[in-house]
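Look at the two complexes coming up: chain A is in both, with chain B in one and chain C in the other.
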Partner chain A sequence: MTEEVEKILKGGLEVEIVPVEGELNVGPQHPGSGHMRIFVRLNGDIIEDVDLDVGYVHRSVEKLSENRNYIHLIPLIERPAILDSIHMNMAYIMAVEKILNVDVPPRALYLRSFAAEVNRIASHLYGMGIFGVFMGHSTAFMWGFGDREVWVEILQALTGARVTNSYILPGGVRRDITPVIMEMTEKAIKYTRRKLNDWKGIFVNNPNIKARTQNVGVMTKENAIRWGAVGPNLRASGVAFDVRKAEPYAAYDKLDFEIPVYKEGDAYARTLVRIEEIEQSMKMLEQIMREIPQGNILSDRFFKQIPPIRLKKWWEGQHRIVMPGYYASFRPPKGEAFARVEAGRGELAFYVISDGTAKPYRLRMITPSYRLIKVFRELAKGSRYADLVTIYGSLDYFPPEADR
Partner chain B sequence: MKEYPKKENPFKLLGQHLEAIGTGLKYLVKPTRITLMYPEESMVLPTGYRGMIRLYKDVCIGCTLCAMVCPADAMKMVTEEGKKLPMINYGRCVFCGFCVDICPVDALKETGVHDAAFTNRRELIFDPDKFSQDFDQPPTMDKPVRKVRAKIDEKKGIVYEPDD
Partner chain C sequence: MIVFPGLIFSLITLLTAIWAERKIAAKIQMRFGPYYASKRIGGYFQLIADAIKFGLAEIIVPSNSIREFFILGPILITAFAFLPMAFIPVSQIPSSGSITSPYYRFFFDKFAGISLYQPIITPYSLLFIIAVASVVPILTVMTAWASNNRFSLISAIREGILTVAYDTLIIIALISMGIEYHTLDIASIVKTGVPGIIANPIAAFVFFVALLMGTARFPFDVAEADTELVTGAFTEYSGLLFVLSMAGPYLLTFVYSLVFATVFLGGWLPLMGIPGAILTVIKALIILFFSVFMRSVYGRYRIDQILRGGWKYFFPAALLALIIGMIGGIFL
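Coming up: the complex of A and B.
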């Protein structure tokens, strides 16, 4: 008999005391942290403080943009949020268009809204899938990614690429919508409506999910405004703010839609807002397909520069715009512009300064996820450790987008 | 502004539990799988898909616009027998398709090939001669590959139909 067992038998049991306070690293290798390290200070099970160590996927977009032509920046600025690339692209192009002073034809504006709403649905489904698997609901993960594929397929047919679309150009868009794509979209809307009912059955109305999300990570209206929350997270806290309504861009001033607002501000309300936004987006897509005006998809100023032989082949033959040589290194006049859009995760802003050369003097990019760092930190304080992933997932925080 | 119902009676909760299990069972009996059995099945990509690029050497006029518009510096011009021709480095290419769109004589074309593999980095650089051939890799499998086309379905999401 060994000494320890003898000790136990005699009653002198020694228990190793677990300290009440401690620190914990979550990440950075993505066990539900994204590409960042969440440094959690715990007191028992309660989170005392959270430090977010961000920057693991920093791409230095703002500095790189000072050394590249305006057209070269299109693929670069959509890299930080590949799920939401249409919005990234659109906000940047809107800023450049303001400097260039270009009018965009109405059909191109409708097409921008079309692509953006398809992208929003894909982005929300992705976010819900990630949220589900964070809470151990792997069905939601599989469904989110599977259902997203339908919308990605539409983007692929429209733009030629699955996620890094590079679809929007100064003055218009690159490709026109075809009846085949419209038919695909109609089918996809029917499918997603049907599937959202099942989503509600297995995920949203599931009492297990409700128990894990209701009253977790509650953000009051005042806090949401003070911490600078944006997008669905802000709207789940009772603030009815949406850039599409507040400052309509693309074709949103002609579209009928509601912005879902919930009062509670907890993780469950944020999920409900996302689900309802998907429904609203599909409503908008139907309206766009009904009402899209005929016409050109590129501003006349650039359209005239395309060689006639090419126009005949591409625009009349395949409904594609080809670029005039102007785009290769255009020099906008001196000036500065600010543009904002409602991206999948919230308000996205671009600020571009032009000094008259082919490269921007300065480009500032404020992404929605960047604003969520503060929100996440404040929300996690005082909650239980098990709720950390729930809060994180419900915010739909996307690290590359925040790091830029 | 909306609010979700707070206090729910236990019977409703039980019903929702059953609904969740029922939905799961529905998909257990009638699964909607969208897995593509790659490489036994291979997807035919739609027209206009921005895949690998091919050059038509005789059509090219050497205007260097493609090299100028390339955002990733993947395309460079080389002089071959007094004629300027583009060459591409697929290690840098981001498949944005700007070069295809800007070429004034349509000397560049997007192909539907996107699943190429190379054993070293030098092979990724295509000189004008290699660049102006249809890119074709020998199949790595003994069995014939089933070509399928993705279609959106109202009930199943995505279905793969054989391509004729």
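Coming up: the complex of A and C.
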């Protein structure tokens, strides 16, 4: 007994100290992780390092595409980003068209832009909803999903599906726009303009959201370029790069639009870029509806191959394209092609190699979220634990898109 | 007395509060909220159905948790969140003419000179409420420790840091009222006829903010931040214990709302008897609904932002309330 007392007097009381450093497994089953595991190394409340364990929703798109016909690949290619499927579809088709060397009629180009911009608005609203709920703002979550609905309805009227539209075909698009859809779009634009003001009131200008997002996850211009950020995240860091401007595709060379750029590079700037992109997209939609040229929606080369009976029933009746038999297993010439588009989350690139058979020899797919993995990891270092979800949401990182 | 404001009444209030929270939020968020479980009363039974579902669910106790504390935690939290109701006077018993008048002598508060609907008559009711309610965060930390989960542990740390910030605010706000009215007896404060919100508006504001902080309401929801910490201290809970762990903070909000209604909003005045009690509860419910309504407007702040706000702005405001209380005390 006396020994123990002496020990205590000499060495002091031994107190068990809880270590301030520790690891935290956020995910894969966690409300704030999405389809991945975020391995966080914490020091107190500060994140020392983050390891993103991605791949939980890997679909093996690139390997599977070596065993599918070109046209059968469209549904598979869309799956990684079902919210942004028009862009996924379009980039792939653009690469295939380069190999096939097809000219697309101008009306089809305008329709591609139309569908793409509708899809972009829907995708941004979805992203902002998720961002809101990550910060505990449940109203933004519900509004994001609710306001997205009107745009998804337009896509449904145009393409027949809410998501995974499979709308774009080599040489054109599948369905023509109708006056009813135009009317729907005008209504949706009016509604969204009104709603965006409400968004600004409750979300963007909310002091709470400002406090949470300003100066959080700051990405400088140099870092944004070095880490390979794309899309709205890049533009929020002061880099004025947009594939629609840099390398116009579809009808973008004929459309007037600006690309919003912010210098701050924080989570708040990224949100503002998204809000302004929605406004720009709506402006473009109005212009498309005004200026869309008359004409066919499928390249003549394929249009001629549709049997007359089916043409009469579907094209003359409902302005829909029935796939000609050629599509089922066409064999493009040998060659390779690279195509990129500005998807909702940023630059999306496809690289297709054809060896003359009905299946691609190799298909490489570089999605915007895939490039965000590095950005996410670098931004999370040194931030507070509570800011992990803010950074995650503000980047609009979408795990299935990254995993492909 | 047992029914009003007792256990059954608290249960009903609790369900109403959660129902109102969901309905109000749904209205703002372009949804219906609870709907199908009896459409005629706006899906009110959904909450009862949920409670039955949780109540009958299996309670899973993690093998590496401290079993006794893990089970005791939510039970004690609910109990201690409920106990302060024993010290809150909801109304005054008239000496004659009411069905409760036979109890006039039994619940006579000789310090305030009136008889009260208050289970335990004491001249220090304000002090007792603070004392009992401040046990809850300690129990929350204990629960988090017992459940042996890292998210719970972080939540416990946040809760602990936050407690220091908001308890100070609550105590100073209430003490300044005590100084202003020269008493720690809620009944005496109400009896003066001057509502606290007029006598000391800053104390009322500070108390309301501390109420939001102390009961993990938005925008101070950091201890239970679901996208960060799953459900904070109650991550590992299921079944009936989960219901209790959810009920505890709501009950505490209601208790603080009752304190706010009596101390700052004039309680049962100008009525008395049972109508007075209903008036007090209506006032408290307005505060409660307003505090759950904040969920629809705000996200959650970060812990460091809350602490900065608490110590840099609200703490000086609380001290100002104390000075106002001292000056106001001369006139009251």
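Everything below uses one rule, namely that the second predicted complex is superposed on the first by the 387 of 404 C-alpha atoms of A that agree within 3 Å, B and C clash if a C-alpha of one lies under 4 Å from a C-alpha of the other, contacts with A are read in each partner's own complex, and residues count from 1 in each chain.
One rule holds in what follows: contacts are C-beta pairs under 8 Å (C-beta built on N, C-alpha and C of every residue); 3 or more make two chains touch, one makes a residue touch a chain.
This is a predicted model, so every value here is computed, not measured.
*Asks:* Touching A:Phe134, do we find chain B (first), chain C (second), both, or neither?
*Replies:* After superposition on chain A, A:Phe134 lies in contact with chain C alone.
*Asks:* Figure out whether A:Tyr327 sits in contact with chain B (first) or chain C (second), or with both, or with neither.
*Replies:* The first partner, chain B, only.
*Asks:* Identify which of chain B and chain C touches the larger number of residues of chain A.
*Replies:* Between chain B and chain C, B touches the greater number of residues in chain A.
*Asks:* Classify the contacts of A:His72 with the two partner chains as first (chain B alone), second (chain C alone), both, or neither.
*Replies:* After superposition on chain A, A:His72 lies in contact with chain B alone.
*Asks:* Return first, second, both or neither, reflecting whether A:Asn206 touches chain B, chain C, both chains, or no partner chain.
*Replies:* Both chain B and chain C are touched by A:Asn206.
*Asks:* Examine A:Tyr385 and indicate which partner it touches, taking first as chain B and second as chain C; both and neither are also allowed.
*Replies:* In the superposition, A:Tyr385 contacts chain C only.
*Asks:* So, A:Pro260: does it touch chain B (first), chain C (second), both, or neither?
*Replies:* First partner only.
*Asks:* Kindly classify A:Gly146 by the partners it touches after superposition: chain B alone (first), chain C alone (second), both, or neither?
*Replies:* Touch status of A:Gly146: both partners.
*Asks:* Overlap the chain B and chain C contact sets on chain A and report the shared residues.
*Replies:* 139, 146, 202, 206, 208.
*Asks:* If you look only at chain A, which of its residues touch chain C in the complex?
*Replies:* Checking each residue of chain A against chain C gives 18, 22, 24-25, 30-32, 45, 132-143, 146, 202, 206, 208-209, 211-212, 384-389.
*Asks:* Which of the residues in chain A come into contact with chain B in the complex?
*Replies:* Going by the criterion above, the answer is residues 68, 71-76, 139, 146-147, 149-150, 153-154, 156-157, 160-161, 164, 166, 174-175, 184, 187-188, 190-191, 194-195, 198, 201-203, 205-208, 238, 240, 260-264, 268-269, 272, 307, 310, 313, 318, 320-325, 327-329.
*Asks:* Could you pull out which chain B residues touch chain A in their complex?
*Replies:* Residue list for chain B touching chain A: 1-4, 13, 16-17, 19-20, 22-24, 26-27, 32, 34, 45-50, 65, 68-72, 94-98, 101-102, 104, 106, 110, 150, 152-158.
*Asks:* Residues of chain C touching chain A in their complex?
*Replies:* Residues 25, 28-31, 150-151, 153-154, 218-219, 221-222, 225-228, 230, 295-305.
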